[in-house]
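In the two assemblies presented below, subunit A is common to both, partnered first by subunit B and then by subunit C.
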Partner chain A sequence: MERTATAPDVRGEFKRFIRFLLSEMKPKGKLITPFNVFAAITLVTAAVILTIRFWKGLGAVTNFSPDYPWGIWVAFNVITGVAFAGGAYVLTFMVYILHLRKYKPIVRVTVLNGFLAYVFYAGALVLDLGKPWHIINPIIGHAFGLSSVLFLVAWHFLLYMAAEFIEFSPAVAEWLGWKRVHKVLESMTLAAVIFGITLSTLHQSGLGALFLMAKPKIHPLWYSEFIPILFLVSSIFAGLSMIILERTISNRVFRKRTSAEIFLTNDAIHFGLAKICAVTMFVYLFMKVIVLVHGQHLSLLTTSWGIWYLVEVVGFVLIPGLLFTQSVRTQNINLVRIGAMMTIIGIILNRLNTSLIAFNWNSTHRYFPSWMELEVAIAILVVQVLVFRWIVNRMPILSEPPRWAQEPEEAIDNRPIKIEEEQEKWKVSIM
Partner chain B sequence: MEGFHYVNLFATKGIEYLIVIGFLILFILYWRYLNKPAQVKPASARSPLRTLNEWFVLAKNAYYHQGHTWALPEDSQVVRVGLDDFAIKFLGKPDKIVLPEVGSKVEQGEIGWQLLLDSKEIPVVSPVDGEVVEVNQHVLQAPEELEKDPYDQGWLFKVKVPRMKTNLRNLLSGKLAVAWMEDTVHRLRRHMSGELGVVLQDGGVPVTGFARSLSPDRWDEIASEFLMNK
Partner chain C sequence: MDRRDFLKTVGVASTTLLTKNTPLQAKESKKDPKEFMGILVDTTRCIGCQTCEEVCAEVNGLPEPDFERDIFKDHIWTSEKQFTVVNGFETEKGDITVKRQCMHCNQPACVSACPTNAMEKTPEGPVIWHEDRCMGCRACMVSCPFGIPQFEDNKANPNIMKCFMCWDRLQEGEQPACVENCPAEALTYGKRRDLLEIARQRIYENPDDYYHHIYGEHEVGGTGYLYLSAVPFEEIGFRTDLGNEALPKKTTGFLYSVPFVLTMWPALLLGISKATEGNEETTKSEE
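What follows is the complex of A and B.
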């Protein structure tokens, strides 16, 4: 009896839900824009290339060889991309553990970015595997591969994606209007954050640890037994620089979707992040010097590889570090942005140097990615941007959450001056 | 394992110690340099709040009356009072400012002082109650200061406010002030459509004193609407 009574309700509710989802699938905004045209062309081309890749194998589209079993997809999309996704764990650490509330408004957008980065960059890993269906093995235990660092990386990617999704999921619940679910998800945030930070620190360094087994292949200026810790420390300023870049772009592109709070705290957040970047880069440079001296590689600096090394370390770590420092001292927002751009280039250089450019440096055969590899690498970024845009345009990521999901108003009285209590006497001043 | 060699741990120990000590010293110096107060102008002028359209600037710590005046607490009793960026850009440089005398009383929401512009008197409302304790002589002699820096050098007078908390509660600050300023811009746009045409609508920045170009005959009436002085 009860079932028949409630069934129409549930069905009606379900129908409404499906209709809502379908209506949200429609594009918002103009369809023909330069970016959309570019995205469409890139994606269609990539789809063709990937069909060939899965049909005929890796050799048909890539320049991989036994010397270079991986190329730009792993080096750029996975290894570099994960460094840039580091912003999420740094920022959640600052907000939820250190209680730096100033950065709270941008936590959601940063976590979303990190989450998408992991989804698509781990996805890129599938393209690179000769037998992609084997990616499930370390998870299901068909062949755990316990002795491989990749075992750790695989599990960490999976768990970290889950943790980041939980951190971000209250926004989904707000979008769908699920109040109960929202409450449950919200209560899981802190646990997910702590779990996520632990995982991040381990796999950021774990990605570096992958290279420990390739010592003879990597040029001594880039190889050191401290690669894991160098990767970890550099992921801090890599991630924060990425946040600065994302904020700069989002503040223009999603202006209408941006809440006043995010818009107004933008500059203050920029300077705060710039300061953290400056200090971390200072520490990183010190570690680089120690590693260089410890490995007794000073004499290599005068070789052509040495000059390339100096371009990376001086040109794209020291100089942006100084720019960040100066930007904090003079409160110059443009310097922050230039510093962030240079840092991003520096991180790309560092990761590509370690995994591709200075990898097999003494081999006669050099790898250069085919145009099809480059095309797919760009397509992966484009997909990420499109998904990001779709979500930001629909869920409360940059905009204010709905009223029912907001925290109770904080006391208004944390003003710079202290005002004594006095008797209330209301007076209407404006009519 | 060809190409594999063990690094002699002790070969570079001495120099590494020196580098670590040098780094620590350098880090202290660097930290002190980084945390020195930034070389910028004082607080009120340094961190303007911008409205989304960036036409008009609001000062961060000030409290706003909807008649486009502001109050900035100096301590728990005294506030500085002035005209906001909108009012100044809207009206342009006044020919003369007539401020209340020291010792006289002003009331929140009531006419507090006047501007003389094009031989018209524009009354302005006071954002707070209280007794005028100081008048900015500098701005009286050089009204152009108003345009340059409405929230800093361009303050008009100081008021001793007996009921500070209640007074400030009636005013707008922070996000609310920004929302209100955006609303003002929307109202302004409605006035502008047809009158100033597309130039301003398309992201141009209003020129100072644009009230008069908006409507040469009725500009004082529109001003009254925005300054709430009727």
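What follows is the complex of A and C.
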């Protein structure tokens, strides 16, 4: 009797859920915007290029050579991108481990950004693999390269993606109105955060460790046995600078979906992040100087490579570090943004220098990415931005979570979700 | 039965004790008698005929090398279509020709870098590659100090190509094709230990003909290919700045730290999290 009474209800719920999902799939806001047109063209071109790549081989679209087996997809999308995704582990550390309440409003958007970064940068890795159909080998196969740094990094990418998804999943549950699931997922956050920080420590440094064996190939100014530690420390201010940039853009683009709390705490968060950036950058610089002196490479500074090194270290680490310090002192938020932009350029320079520019520096064949490689590299970023926008426009990332999710102690509300009502609340933003 | 079993056990126990106490016996009872095999290249004997290039291409099903090439002017490196190359150098001791290919390191960087164990250092010595494991990440190419592994980037299903020391031929008890066909006897195949003896003997017997160094004896922890030369090795295209430390050692420090971080970080983080739990309210009220 009970069964027959509840069964139609469940079916109705399910139908409503499917209808909700389908309605959410539709684009929100204007379809033809300059960005959307640009995105469409980029993606179609990338699709054509990738078809050629999988049909004719990597050489058909890339400028890879024996001296430069890794091109811009690995050097920029994976190695540089992961440094920028470091914001997620730093911020979750501050919010969930140190309990710094101040940063809580932006933790969700940062974790989402980090998660998407990993998904698409791991995606870039798949495009780069010669035999991507063997990608499961290091995960389930008979082939565990236990002495390989890349094996470790691959596993950590995978596990970290899972950890970040768990950290972010309460937002999905709130979107779908799954209250019980939400409770379970929320209770897993701390464990996921701890696991995530541990994994990040290892794979951020692991990306540096990939180059440890390439000592004979990397210019001595960029090679040291401390690359892993330098990569880890620089990922802190790289990630935080990326948060500052993301905040600056999102506050404008997603103005209507951003909660009052985020706007109110915006300046305090900016100056807080600037302070942390400044301190970690000076620690990083100190380590750089020690590595330079200890390696007895001071005399190399007068060579043309030395000048290029100084451009990176002085121009895009020391100066933005000073800008951050000054911005905190004068409470100048624009200076924070300039500092963040310069830091981001500095990180791109550092990662590209290590993996491409100063890699096989005495080779006669220099590498420069083909336009097709660059196009795909940009397309990967575009996809990430599109997915980010889709999620932010639908889930409570920047906006307030639904009331039922705010007070977990409150008795679970069993009323069916009213889709129209919910949709009203999550207003559309235009981009 | 019981008594016999007992005696057997005693017998086994006492022999193990004995062998443990006597180093000589322990050495003999070592299970794996295999030693790394290698190839000695005596560049003072090489005549630059490129026969090795020819037979290598034949055996491995590669396109025929370019014999029109002036080996003294057009220096080439191994590629996905050519596993071994001969280059010539004009030195004060006359023209010297050198065959180059994979060095088959004792502790290869490519094997250590490979996340799927596709690159394998066989107990017999050759460094081989397994097509079914490789995912084409090219970490081997990034790590190899000699720039040997090559990638077929013009194929939809690309392979990593390099000299495998004729692994298939070795399995059948034959010698590597280049060694067998060298008309000048510049190449010698054998146990690495024996090759070192031969190389030293040649240097001792003709001290004026040789530069007193065996390239590959210590370089990057020792290599399967060993080279003799009349002139310092940097003059005939070798890198002499690679050091004697095996490259995989450079990552061991990092890899050893992994279990420590994996076990200590979570405990520490959980501790800090619990210790600062009450802070949330105070920091909030401060603002």
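A few remarks follow.
By our rule, the second predicted complex is superposed on the first by the 398 of 431 C-alpha atoms of A that agree within 3 Å, B and C clash if a C-alpha of one lies under 4 Å from a C-alpha of the other, contacts with A are read in each partner's own complex, and residues count from 1 in each chain.
The rule is simple: a contact is a pair of C-beta atoms (placed from the backbone, for glycine too) under 8 Å apart; a residue touches a chain by one contact, two chains touch by 3 or more.
Note that the structure is a prediction, hence the values are computed from the model and not measured.
Once chain A of one complex is fitted onto chain A of the other, the partner contacts of A:I97 are limited to subunit C, with no touch recorded for subunit B. Contacts of A:S23 after superposition on the shared chain: neither subunit B nor subunit C is touched. In the superposition on chain A, A:T364 makes contact with neither subunit B nor subunit C. Within the superposed three-chain model, A:T330 lies in touch with subunit B and out of touch with subunit C [touch as defined at top].
When the shared chain is aligned, subunit B and subunit C each come close enough to touch A:K215. Of the two partner chains, subunit B is the only one touched by A:I290; subunit C is not. Once the two structures are overlaid, the count of subunit A residues touched is higher for C than for its counterpart among subunit B and subunit C. The interface of subunit A with subunit B overlaps its interface with subunit C at residues 215-216, 268.
Subunit C makes touch with subunit A in their complex at residues 77, 79, 109, 111-118, 130, 132-139, 141-143, 145, 147, 150-160, 239, 241-243, 247-248, 250-251, 253-255, 258, 261-262, 265-266, 269-270, 272-273, 276-277, 279-280, 283-284, 287. Note for the complex: subunit A touches subunit B at residues 215-216, 255, 260-261, 263-264, 267-268, 275, 278-279, 282, 286, 289-290, 293-296, 325, 328-331, 415-430.
Contacts from subunit B toward subunit A in the complex involve residues 2-4, 7, 11-12, 15-16, 19-20, 23, 27, 30-31, 33-34, 36, 38-40, 46-47, 49-50, 52, 61, 65-67, 73, 75-76, 108-109, 163-166, 168, 170, 174-175, 178-179, 228.
Interface of subunit A with subunit C (complex): residues 54-60, 62, 64, 66-67, 69-70, 93, 96-102, 125, 128-132, 134-135, 137-138, 141-145, 147-152, 154, 190, 193-195, 197-198, 201-202, 205-206, 209-217, 225, 228, 268.
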